[in-house]
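Two complexes come next, and they have one chain in common, chain A, joined by chain B in the first and chain C in the second.
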Partner chain A sequence: MKQYSENNFEQCTKCTVCTVYCPVAAVNPLYPGPKQAGPDGERLRMKSSEFYDQSLALCLNCKRCEVACPSDVRIGDIIQSARIKHSTKKPGLREFTLANTDLVGSVATVVAPVVNATLGLKPVRHIVEGVMNIDHRRIFPKYAFGTFESWMRKQRKEQALFAKQVAYFHGCYVNYNNPPLGQAFVKVMNALGYGVQLLDKEKCCGVALISNGFVNKAKKQAQVNINSIRKAAVENNLPVVATSSTCTFTLRDEYHHLLGLDNADIRESINLATKFVYTLLCDGNHTLKFNPDAARIRVAYHSPCHLERLGWTPYSIELLKLIPNVELVKLESQCCGIAGTYGFKKENYATSQSIGEPLFNAIEASECDIVATDCETCKWQIEMSTTKRVLHPIEILAASLL
Partner chain B sequence: MRYDTVIVGGGLTALMCGIELARNGRSVALVTTGHSSLHFSSCSLGLYNAAEPLKAIESLPQSHPYAKLGAEAVESYAARATEILNIAGIATNGTTEANHYIVTPMGQLRQCWLSLDGALTSHNGKELDYKSVALFYPEGFLDFYAQFICDTLGAMGTTVTSHTFSLPELVVRRNNQTEMRSIQVARALDKEENLRALASIISREAGDVEAVVLPATLGFDHADVRQRLSRMTDKEILYIPTLLTSVEGVKAERALRRTFESMGGTIFMGHTAVSHTTEEGLIASVTTSKGITLTAEEFVLASGSFIGGGLAADREGVTEGVFGADVIVSEGNQTTRDIFEPQPFMSCGVATDGNFKVLIGGKAVENLYACGAILSGYNPVKEGCGAGVAVTTALKVADDIINR
Partner chain C sequence: MNKQYDVIIIGGGATGAGVARDCALRGIKALLIERHDIATGATGRNHGLLHSGARYAVNDRESAEECIKENMILRRIAAHCVEDTGGIFISLPEDGLDFQAKFIESCLAAGISAEAIDPKQAIALEPSVNPSLIGAVKVPDGSVDPFRLTAANILDAKLHGADVLTYTLVEELIIESGKVVGVKVVDTVTKERSEYRASITVNACGIWGRDLAAKAGVTINMLPAKGALLVFGHRVNNVVINRCRKPADADILVPGDNITVIGTTSSKVPFDQCDDMYVTREEVDLLLREGSMLAPALNYTRILRAYAGVRPLVASDDDPSGRSVSRGIVVLDHATRDGVEGFVTITGGKLMTYRLMAEWTVDLICKKLNIDAKCTTAEALLPGSTTPDAGCKRTTACFSGAKSSAFYRHGDKAQQIDHSTAAKRALVCECEQVSVGEVEYAVGKLGVTNLVDLRRRTRMGMGTCQGSLCAARAAAVMATTSGCSSAEAKSNLKSFIAERWKGMSAVAWGDTLREGELLSWLYDGVCDLSNLNTTEE
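What follows is the complex of A and B.
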């Protein structure tokens, strides 16, 4: 259908379906919900910034409204764009620390044991709450001692031996917190006959910068990533693959929709690991050798919000179904409540945990051994709020190989 | 990705067809832009507006979907649809023998074949089964016409008292007046403390009535809210459907989707089917707005009419966008001036053969079927048969695919 406005708000039929699926409106009566905050409010904001409502800051940017919408209105983009355009609230020290995952990560990985031990202490978490307004109940992800990039540099020669290559967008989480996930990805790709290389220069995708109000810095980092991906995808003709669903979503959609950058020529080259691997396994030319002695595990799959928005959840599920020692339970799709850095903030902690509660209950009731998900922040939230360990589908796949 | 059958659509029709195929062991994918028009449905299903619906069906013109099925098949598919609703945990009342009536939020009576268990109904449209009821609804609740409802029930010989209630959580919700809708009320009533507060208001104010009536806002995540309220108040609790979004409709879609997925079905949510490919006169694949190509043995078009996005109209005409199916548009004006009169455009739809195989360029495609609201030749509003056509044609198509 023809679009007249930037984010097609005129296609809203006021059916209110989005508000039914908004995780925030469900638990916080102060939030008017996506229809009112999005297309309804936009009509007024077009007249004057005075109509900007501070309650828009309550939006998680989960995009579940957009997935629910029968008219394909970009409701979440309307709300986020309005925040970027009209919000007068200046980000502070807390926002700076949460948003600059690159900067904080590169310092923390050098002294990881000290940082992990310190952030694990209750009194420290209370001080963090007092100074930064980060909730003391929130458990920080542990930092790795040494980055994934430094590990990859040691693999360069070995990886270059493979005739076929992919460029891996690892993201901050794999680099600073969980290099084993990156290593699992390398193991799977190698088993499929692909070598893995890094992009020329990778910056944080910027999702946390955008949500914390550092739009100019986000644009700068995005441009670095776009240039690197362009070199890999267009000049060297390599598929670019990421393990994080949120990084993938940000690179593909938010760069254009929220930051206004042109990524049209590289968008289709940016792929998610589960989709890339599943597609290879279905083409008839690729097989994997599974370990027949691998212990049988019951896996509950949680679909992250941004993966739902990408529309690629079925790939992660179908890939897990191919693993012989996995018995799969699909959890009903719902937001876990953390939404990146949102759930770290003291004022959002209660909302964040109430949103996730039905999911936490479903996970406990599923009697699974392990939860699988493609998003790192969902992993933190679920591990903090349930008794279960969370792995990426690629880690489960790697562990089942011979 | 590859499936046995790909269904374009995600509403009642698509889910009925999908569940029937999945429970017969086929791999099925649904492709749906967003959530369905069940969100605007009372979930009382109409078969056909007539004193004896099955008899009336026998004399319909050959172009009508029911005429293609025949009255006998309509009856047996209707029974099977009831069974599937039951499997999904949707409890209904009613038979195909004779219609009964529900009370609408505008205080009108409407014929139906099935109504949800708990809905306020009249078996003959002349009187209720209750001589006295108390109506309770939240202060500031949108689109609920209590006075019309009281007038209608009063005219049927039932004594009605009308009461509003408020709860602290609903007072906060009223800060956003335009969003004071059934879902928000239902979510509040999911909480034990709010339900107890409502129970004590009912116990205090209802008096000695045979039943208490509320808008259909009884629980969103919890299935047993009506029964719990009934136990707390020691009264029978009934409900009247609400305007959008309908809590019972949302719950029904959720229950049907869960059932479909539990049988191994896959839902491509947030995907719009945009194009197709053919091989030797058969449909080979469908590609979605997110660039995913789905191949299958059979394809089912269950994408609804104009509101569902299955049909689109502009000045040039009416089109079906995914397959370019032939569309039947009646001659002359497509609208009539009186909006309460039947509107000719509502009978628009894709052309099919006697077994609902879709015609493209006048020729039936052997592996492409259509069912539900996208079909031509009937007026769902005037005839009260939208849900009936949806479920019976969906099951007929599923049967033909299974036996193919």
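What follows is the complex of A and C.
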């Protein structure tokens, strides 16, 4: 169907199925739901900015409304675009700190042990709440002592030996908090005969900048990434692969839909790690050697919202199924509630935890050893709210290799 | 109810409501009688354009001058019914610029500000405008909501002592010794008959005035001219766009509330069609074809519905052929014209001049009744517009859309809407943001008796879904508020859905057809509304 109105908002028949699937509307009566916040509200806002409703800030941009919509309306995009266009709220210190993952990360990794220890202290978390309105119950992800990028630089020669290459978009989380995931990705790719290289220049994908109101900065960073990816994908003909489902989604869709940037020529080159690996394993030319002695583990897979929006959840699930020592439990697809930086904000904490509660209960009831998911913020939320450890499917795969 | 009045006004359009209000403000005891709801005739079936008068400037200086004067008055007295969108008259390559010079000159002569701007400025002012335009003129057009305007006049008339009967049909004029002395009416719902008497009876029935006059043995030569219009799903333009050429079909695009309207066509129709107007395929084609010359986006914007009204054009009395038509105001004192005392007809004119039409009529009434009272309707603010900006303050982060919408619709009267509890704030109509509180206010204070009336007062069901989602909720709230039986509520719902579909059917393709499918699936498939037993259970 040819798209005539921005985000297809005119195609809405008002069936309201989006609101039925909205995790926020289900737990927070202050949020009118995606139908009203999105296409309904857009009609009013076309008349005047005065009809912009501050409750749109309660949208966690999970895009489950878009997955549910039978009319292909980009409801989540309508809401986020309206926030960008009409919100008069200026981002503050909290938004700055949460959004600038690159800047904060590069400082924190230098003094990681101190930062981790300090942020772990209860009195400090209360001060953070008082000063920045970040909920004191929220546990911060630990920072790594040294970045993934610095580790990768040491591997450059060795990785260059592989005839086939992929460019890896690692994202801030792998770089500053969890280099082992990046290392696991390198291990898996090497086992498949691929060398891994970094992009010329990688910036934070910008998802946190967008949701915290720093659109201009997000655009600048996005342009840097688009240029780097273009060089890798178009000039050097390399697949670009990311482990984070949210980074992947942002690079592919949000750049164009929310920031208005042209990424059409590179969009199809941006791939998610699980999909890339699974596709290779299916082509008949690639195999992996698994460790026969690996301990049997029961893994519960949680599908992140943005992965659902990409429509790629089955790749992660099928990949996990290929691992001989994994006994897979598929959790019902639902939002964990954190939505990136959303759940860190004091005013959203209760909403965030109420949204996640059914998932937390399902995880505990699954009697799994480990939870698997493709999204780092889902991992933080689940680790904070359940007794389980959370790993990326690629980490589980890497650990099971011979 | 008092059965003796000074004046009985027949017809609840803008003109009749204006006459009732003018009478009431001058201390004349008036009764207004309307066979349906208020604003159901031509009043509710036009563009909702607050004419600057520019359209008439070249050919009809008198109408143009009346328009601009009334335009300025309405902006003041009916601020909550009017939106100052501004307007442009664009010249396309095929029009040339010859007309423009004459147009500007005529506007200025009529007292209408008209400023030529270059095409780039026009595009900056209104991005949806046809980019191939070669010239544009800025004029003080705006939009006016005829339902609100009529309702506000009715409300003020009542506040000042007038009585209003809707769903009451005048069956006969009571004529005693050559003088109209009253009316025999029937309540169209209860079928009860009654009589009312007055010194003067005013015929404000629009095109239907011909039939009423005939009841007094008077002939008025009228020509029903049908005008069809299309409603688009959202605002395409925020500035009124007109074509700078001799007035023709489909050359005005008006942003009204949350929608845009293109119109109109003009065709003669027989009198027997005036009660049930359908928009034809040819009219839809013509409106789209010409409309997209003003704003190309119309070609691919969802059309919500089509509707048509009948202009009450009056042939000049000295032209029996009926060809010489005036669009000006026509006040007929049938005593001097036809020897029938106590009977006055007000017709011709246009929505823009309803107040002036009322003023002239009531001036005549005063003269006939020997009453010395000056008209104050040009200064007295209408209810809803007395305290600008009242109630528009946002109090909660949530719900501001419904609050702002209620204020947009009812002006300062929105303060009377009970939004104190979550139940009252709950939305009945989500597209147009109509709350339970607003429905209750409309039923209680604005004389709403059924869902179609409710739509005219609140816009309930006028949005994208055309009632798919809200009609059942509204029927339930109305039934609770008015205490009607469930059979009545169901029958009410059935008529409302039928009325919505009538407007959609003329443009039922694409998304509108999908919407119609949902509507039918919900009300026929799930609720089995077609087969509902609407007799008493």
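To be clear about the criterion, the second predicted complex is superposed on the first by the 402 of 402 C-alpha atoms of A that agree within 3 Å, B and C clash if a C-alpha of one lies under 4 Å from a C-alpha of the other, contacts with A are read in each partner's own complex, and residues count from 1 in each chain.
Criterion: contacts are C-beta pairs under 8 Å (C-beta built on N, C-alpha and C of every residue); 3 or more make two chains touch, one makes a residue touch a chain.
Note that the structure is a prediction, hence the values are computed from the model and not measured.
After superposition onto chain A, the modelled positions of chain B and chain C overlap sterically. Judged by the number of chain A residues each one touches, B leads among chain B and chain C. When the shared chain is aligned, no partner comes close enough to touch A:Pro113: not chain B, not chain C.
Contact with chain C, but none with chain B, is seen for A:Phe51 once the two complexes are overlaid on the shared chain. Applying the stated contact rule after C-alpha superposition, one finds that A:Gln36 touches each of chain B and chain C.
In the superposed pair of complexes, A:Glu332 makes contact with chain B only, with no contact to chain C. Shared-chain residue A:Ser71: touches chain B and chain C both. With both structures placed on the common chain, the touch criterion links A:Cys282 to chain B but leaves chain C unconnected. Applying the stated contact rule after C-alpha superposition, one finds that A:Cys12 touches chain C and leaves chain B untouched.
Of the two partner chains, chain B is the only one touched by A:Pro314; chain C is not. On chain A, the patch touched by chain B and the patch touched by chain C overlap at residues 15-16, 29-30, 32, 35-36, 40, 71. Within the complex formed with chain B, the chain A residues making contact are 1, 15-17, 19-21, 25-26, 29-30, 32-33, 35-36, 40, 66-72, 268, 282, 308-315, 317-318, 330, 332-333, 358. Remark: chain C residues 233-235, 238, 255, 257-258, 300-302, 397-401, 404-405, 422, 427, 430-431, 433, 463-465, 468-469, 511, 514-515, 518 touch chain A in the complex.
The part of chain A that touches chain C in the complex is made up of residues 2, 4-5, 10-16, 29-32, 35-36, 39-44, 46-47, 50-55, 71.
By the touch rule above, chain B contacts chain A in their complex via residues 1-2, 29, 33-37, 39-40, 169, 172-173, 175-176, 178-179, 181, 183-184, 187, 221, 244-245, 250, 258, 261, 266, 268-272, 288-292, 308-309, 312.
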